[in-house]
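Once you've had a glance at the structure underneath, I'll fire off some questions.
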Amino acid sequence: MTKVNENTTAAKSDSRKTEINKALVFFDKAGVWILVVCLMAIGFIINPSDYFSVGNIRSILQAISLTGMCCAGLAYIVYSSNMNDMSLPMTIAISGMVSIQLVPFGIVVCIFGGLLTGTLVGIINGFMIGKLRANPIIWTLAFNMVLSGIARVAWGGSQIYPDVVAGGNEAALATAETFNQLARTYFFGGSVSLMMVVMVVMFIISYFIMTHTKFGNQLKIVGTNYETARLSGLNVVRIITLSYIICSFCASVCGLFYASMRKIGSYDNGMGYDFSCLTAVLLGGMTLLGGKGSMVGVFGGVLAVGMLNNVMTLIGISTFNQYLVTGIVFLLIVWLNTKSARKLGRA
Amino acid sequence: MEKKIALQMKNVSKRFPGTLAVDGVDFEVREGEVHALMGENGAGKSTLMKILAGLFNDYTGEIYIDGNLCRLHTPMLAKEHGVGMIYQELSVARRISIVENLLVGRLPKKNGLFYDKKEAIRQAKELLERVGLGYLDPNKPISEISQCEAQLVEIAKVLGTNPKIIVMDEPTSALSSEEVQRLFKIIRNLKEQNLAIVYISHHLAEIFEIADTITVMRDGKKIKTYPVSETTNEQLIHDMVGKSVKEFYADRESHIGETMMEVKDFTRWGFFHHVSFELHRGEVLAICGLAGAGRTEIARSIIGVDPLDAGTIVKDGREGTYKDMTMAIKNGIGYLTEDRKVMGLALTQSVADNILVSIIDKLSRGGLYNPKNHGKIVEEKIEELEIYPPQPNRLVNALSGGNQQKVLMAKWLATDADVLILDEPTRGVDIGAKQTIHKAVLEYAKRGNGVILLSSDLPEVVGLADRAIILREGYITGEISGEEITESSLLMAANGEGKHVS
Amino acid sequence: MWFLESQDLKIEKILKEDTKMKMKKVLALILCAALTFGITACGGSKAPASTEEPAAESEAPAADKEEPAESDAGQEAGGDNLQASKDKLAAAIESEMTTDNKQLMADPIIKEIPEAPADPDSLPDDDKDKYFSMEYLDFAKEDQSPNLPESPADGCIGKKVTVIVHGDHAWTNAYMKGWTQAAEALGMEVEILSPNWDQAMQDQLIDQAINSKPDAIVVIPLSAENATQQFRRITEAGIPAFGSNTLTQSDALAYMEAWTGPDDWAQMRILADTLGEELGGKGGVCYITHNVGTSPYFARTYGPITEFKEKYPDIKTLDIQSPGFEAAKCKQQVADWITKYGDELNAIFLADDSDQVTGTIDAIKEAGRDDIVVVAAGNSKAGQDAVKAGDVRIINYQSAEGDGGLSARTVAAWFNGEDIPLVGYLTTDMITADNVDSFYPTQW
Amino acid sequence: MMKKKKFNISLINTYRSYIFLLIVLIFGAFSDNFFTMFNIKSLLSSTSLYTFIGIGFTVCMIAGHMDLSVGYMATAGALVVLGMHTLTGLPWAVSILIAVAVGAVVGILNGLLVTKAKIHSFIATLGMQYVIRGGMYIYCEGKEISVKGDYGLTDKLSSVPIKFLPFNVLFIITLICVIGFSIMLAYTRFGRNIYMLGGNLETAWLAGINSDRATIIVFMLSSMSCALGGALFGIFQGTATPTLGEKGIAPLMIAMTATIIGGTDIAGGKGKVLDTFISITAIVAMFSVVTSLLGKFEYQILLIGFVLALCVFYETLLKYIKQKEIGMRPNLIIKYHEETGK
């Protein structure tokens, strides 16, 4: 029955749902955190002594921090119902490359330059998608290719190293070293790294923006129904442009750390981040329809991906089988998300 | 001669999670009869007809067509049994050509495998001819024809399936009155061919004009069936509402003040030309005209959503135009859109979110904004408009149509704009909600604000408007005010006749 | 108002015309832009192409190229050319240096091939003989295809060679630099094409290369198995084919004049030996692999495993994983291993020395497990830096430029009519903290 | 004169893939040896894999869905066919059938996820990517599978049956599939129903088209086409690796790009397989021309990016301009013209 009547929009409005499946409500509230807790339990059973050790927790957080930074931004795109930013990989790559190229001018210029480049990508995307209403997937795909071409042509397809760029200049070499240390800065006796802190701070800021600012609340309406938002007096162009700028900014922060971690700037930095980040965001309970989900969920999604890999390695599942497990878990969670959203009238 | 029973539904029920939408209804339609199905929104009439069209596979009860018991579990089965349904919401594919829309699901075959394009076009032409659209090129996509034409294509599509029973769910909602007359001609024609027709509409006038029999439903149950000759307007409304509604529009005093807004020489070529009018404080100004006269377009240009070629707005001592809705709201103009589902509401968000959406800008402090701090405004509005159930966190999706419309109204009242443009504020809304909304509109005007009302519901215009300007083919052709506003004077003026046309 | 719209359809057309005029303008603009871009791109191409021509080496290379062995005059010219080429080759071998100041065109190493095992497929995974066909290019020169082109023996100067690499990578850039430098020194003209890791594209490029009829084609095959097909196509088109860098199936040698490249297996065995000594003959080792299924995958994973089994049977293989080349993923992998195996884990064997090294070192440092010995294959800058800093114990030296240089040398020698080995391996070395300084500046 | 103008514009819009091809060919004339039988034959046969993937992607997009699993499906097809033949020892025909059957199963799974579980196709097929990839790695244990010297069918595929045409057997099969799918889409009821699914799913369903079944079939056809393409490609190459779908500009990206350049509407209901095929040919030819003129891979990706960006930009701008005139009433314009005297 569900199949048939839900096929018509007319039927939806007729069905006033008062009887609500408790399990689905629970899933709707807790979302991917259920998976996180399950994974914790599994991890603890397999390796009771080390699983909750500082080392392991740190390794999980450290592993997800790059993806996490991107997801904190990508969530805005998904939330605004623009599906996905396919230009993420090149935003990551180009911001890293630019900042390495700027190493001779000091660390401030170098970081600022990298972030500015990423933001510029966001502005262009925002203009095309926010102002001209280009199809988000296809435009960002095309723009990714253009950026990729530009990056390859500009640097001749080679990798750039901060210390090589610095040349023999002492001050520049010091800057290069500072740059390389970005991803290797630790606090509290090595248990917390700068990357984790940045990621968590980005999530907290994102959470704050989403729930406690004008922009976040307006974005929710834009994501749910663009026309409604426009006719309710929201500046949709500015909101969507801003969401792309935030996304690209987050990606460029990720790009800086990525390059710093690799100690290399290259056009293949961030390859595959477009879909892997989307996977995490969707796991976190956002839907492509937009306007649904929260930053808490997205953080859960990112965490779940990291923990899944961790647990699978601990169990001893090989890389090949990991793909299969990831795929099935992903489909399962997304299915439950979709189902609960439908049953609760959120989709 | 007693006509044969074409359709008989016995003890039909349909349950949605939590509600019994149709509760043991018996329903009969005879051949060559136009059977009107009436009831408030949510009375279950649309659901009953959807059962007939095969949209649900889990209804209970028995349906007999021509005396045979049928199981109508898919649209295909319903079609095979000769049920044709014209839906309230257009179900045409806009990018696809007219011919394929007309013949969807039954494209003629040739050589067993391929589809016969020539034959398809011939059939399409024939069908278009039947609804008076013979001049259209059937290869054009639907997106290139007008809304009214699309509605007629929809009707032609159903006629093409050679149904024995035709169900029309609010077929006239997008048609102008000439087209309604054309449609009625087609219906009479079909009647002569001994087809059974079920007609759902909120327009009492239409019902009394075309129907032979009326069945009234309320709360999923059948209330009564009577021939149209044996009933009256009042009786019908009484049965539908379940309580007597003597005077729908209460008498009211208007306090018309000074001019608060002036629209000067508005022109968007191809849509409307040299439109000028002024709006006074406390006034409800109706802009009337047939469908396609340019009412909505004017509104959209005023608020800056659509472009404008010439003209200015004078308001609060400033002259100019607004470049977008944000600016319009800042200048105290609100616009209640006609289609709440597509343009009006964010359906999957809560009532509170929807009510506050237009004032986030105003409520935010330095970019910060927390919806939780503004629950008071929401509660106020919920109370004012009697939104039921009164839960700010309920999803709008989970409200009935009338309550959704109230939320939309609440959203605009919350903005504190002093001019509200209401585009079809009560379309497809039950009588109770209609009353609440009307009361709110009058209250609002009483406080010294101006209302521009765009409505095709003539009784509504008559009941609310202090003054009406008549728009015809993009030009203002006349103005009626005060007591002279009656349904007939409005209709005459809209059609370019009568003394009010200048 | 349907009846009104029927009035005049012409007007509608006029209206459309207006829209379409706008469209046309936009389209015209776009086309113009595309054309200008194309033209500038074309113009741009001419400039770099000219730099690839030998600067002032040969007097009349074009004439030589066209008639290799026709007229007497040609013969004579060929003879002169041959002598000049031979001199040039001899001089270049001595003089040309790589970025890290090693000989660009060092002598190839020729490896002894042991007896082939009977049924390698039935052996267990850690048996050395199972990988016999991968480790040794066991092919007799007599079995080569009869269609194989004969050397014109008229000197390498002025010869046009097309090199098809496997894809874009920093390594490839170094390789290409080596090839171009060598070709310049030897007076050869070289065109390098890259299919960007795409098998279909490489096939197409090979066809394209055959089509433009160069004097020789050098291929780094993307797939060991498909290589046979590729080389067969080239040979059958009457063009001499040379294999480079990536190991192929041994039957591919039937269609090759020669194969040159690094001896991954031997290098890995030396590396494993050194590591085995370091560990004192016992301990647990984890492996991060190269791209699954490729020849370096087997060489850099099963090379050490089989070597350990033979010489240090107490060294255990704990886990083999393929997290790819992303530093962050390798880091997580290693961190997970440290959690899982704890003190059992004594050494990590990496198939790549840039990102994998970066990630691994970070993980080890974070966990404070300085006792874990890391060894890696390859010699990128990242790897060498890590060795210098003492984070990685050993990496093997495998010159990318030298790889290109050796390939160029072999091709040149073939043109000069010299006798060249069918399989020639690149010289190798181990880089440790002691000698790392002699390998700077790095190639990539 | 008016009429002529209109003619031109609609031609350019409708046949933009052909124009793209034409421009590439004009540039091709500048490069040496472009217009030789050998080169053209090689170009055409290398369109094969992309074309099969493009067919799958286009059919899905016409039906209003996106199938992101196409690239991996092709890889799986190649691995299965070679695995079945070489490892299991089945004859070629049976192996190809099994590969296509695997495609059908994956397609049905995709379809079920989209129609029954109601997951957005973009997400469902994204998840399916991981599943196929995992399954593939498990099947071949990460190793390359090859025909092991059995080049009989490989040679047959690359042979040229008609002397004066640069078409080898692989390309002819590809062409037959393109034509077959074009006919299916344009001239059969099922084909027209696919357009209706993309145009308005509800209309299709209300009209009695079994939309769920049709959607599942669409996904099935898409995956089958990819599996067949992958299988043929595997045989043609004589080898397959599990990383086929990831290398270079991934086949998925090329298929996606070609589909857009070919004019398929991303919302569905509009598009042609033939146009996709033409764009793929143009893209592959462009790669070749760029390689011979500029010699570097970098420019290929830059140019294809530019072409795609231009197409998107053009379409967007067109929509942006057109938006202002939607609903304009011709009868009112007459009056306007009368009034202003224009």
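Order of writing sets the chain letters: A, B, C and D. Residues in each chain are counted from 1.
One rule holds in what follows: a contact is a pair of C-beta atoms (placed from the backbone, for glycine too) under 8 Å apart; a residue touches a chain by one contact, two chains touch by 3 or more.
Because the structure is predicted, anything quoted here is derived from the model rather than measured.
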item	value
Most widely separated chain from chain C, with each centre as the mean of CA atoms	B
More contacts between chains, C-D or A-C	C-D
Whole-Å separation of chain centres (CA-atom averages), chain A against chain C	34
Centroid spacing, where centroids are CA-atom means, of chain C and chain D in whole angstrom	31
Distance from the mean Cα position of chain D to that of chain A, given in whole angstrom	29
Distance between chain centroids, defined by C-alpha means - chain A, chain B (Å)	43
Numbers and ranges of chain B residues touching at least 2 other chains	55, 74, 87, 146, 270, 292, 473
Residues of chain D engaged with two or more neighbouring chains	137, 142, 202, 205-206, 249, 296-300, 303, 306, 313, 317, 325, 328-331, 333
Multi-partner residues of chain C (at least 2 other chains)	1, 4-5, 15, 168, 292, 322
Residue ranges of chain A touching chain C (in the complex, touch as defined)	47, 50-51, 53, 55-56, 58-60, 62-63, 65-67, 152, 156-159, 161, 164, 183-184, 186, 190, 193, 258, 261-264, 266, 306, 309-310, 313-314, 316, 318-320
Chain B residues within the chain A interface of the complex	16-19, 21, 42, 46-47, 50, 55-58, 73-74, 87-89, 303, 305, 324-326, 328-329, 335, 337, 341-349, 353-354, 356-358, 360-361, 364, 367-371, 395, 397-398, 400-401, 411, 415
Interface residues, chain D side, partner chain A - complex	66, 68, 113, 116-120, 122-124, 126-135, 137-138, 141-142, 201-202, 205-206, 211-212, 249, 253, 256-257, 260, 266, 296-306, 308-309, 311-313, 315-317, 319-320
Of all residues in chain C, those that touch chain A in their complex	168, 170, 173, 292, 319-323, 327-329, 331-333, 335-340, 342, 354-355, 358-359, 362-363, 365-368, 381-382, 385, 444
Residues on chain B engaged by chain D in the complex (per definition of touch)	53, 55, 74-76, 79, 85, 87, 91-96, 100-101, 104-107, 109, 113-115, 117, 146, 269-273, 292, 294, 297, 306-307, 473-475
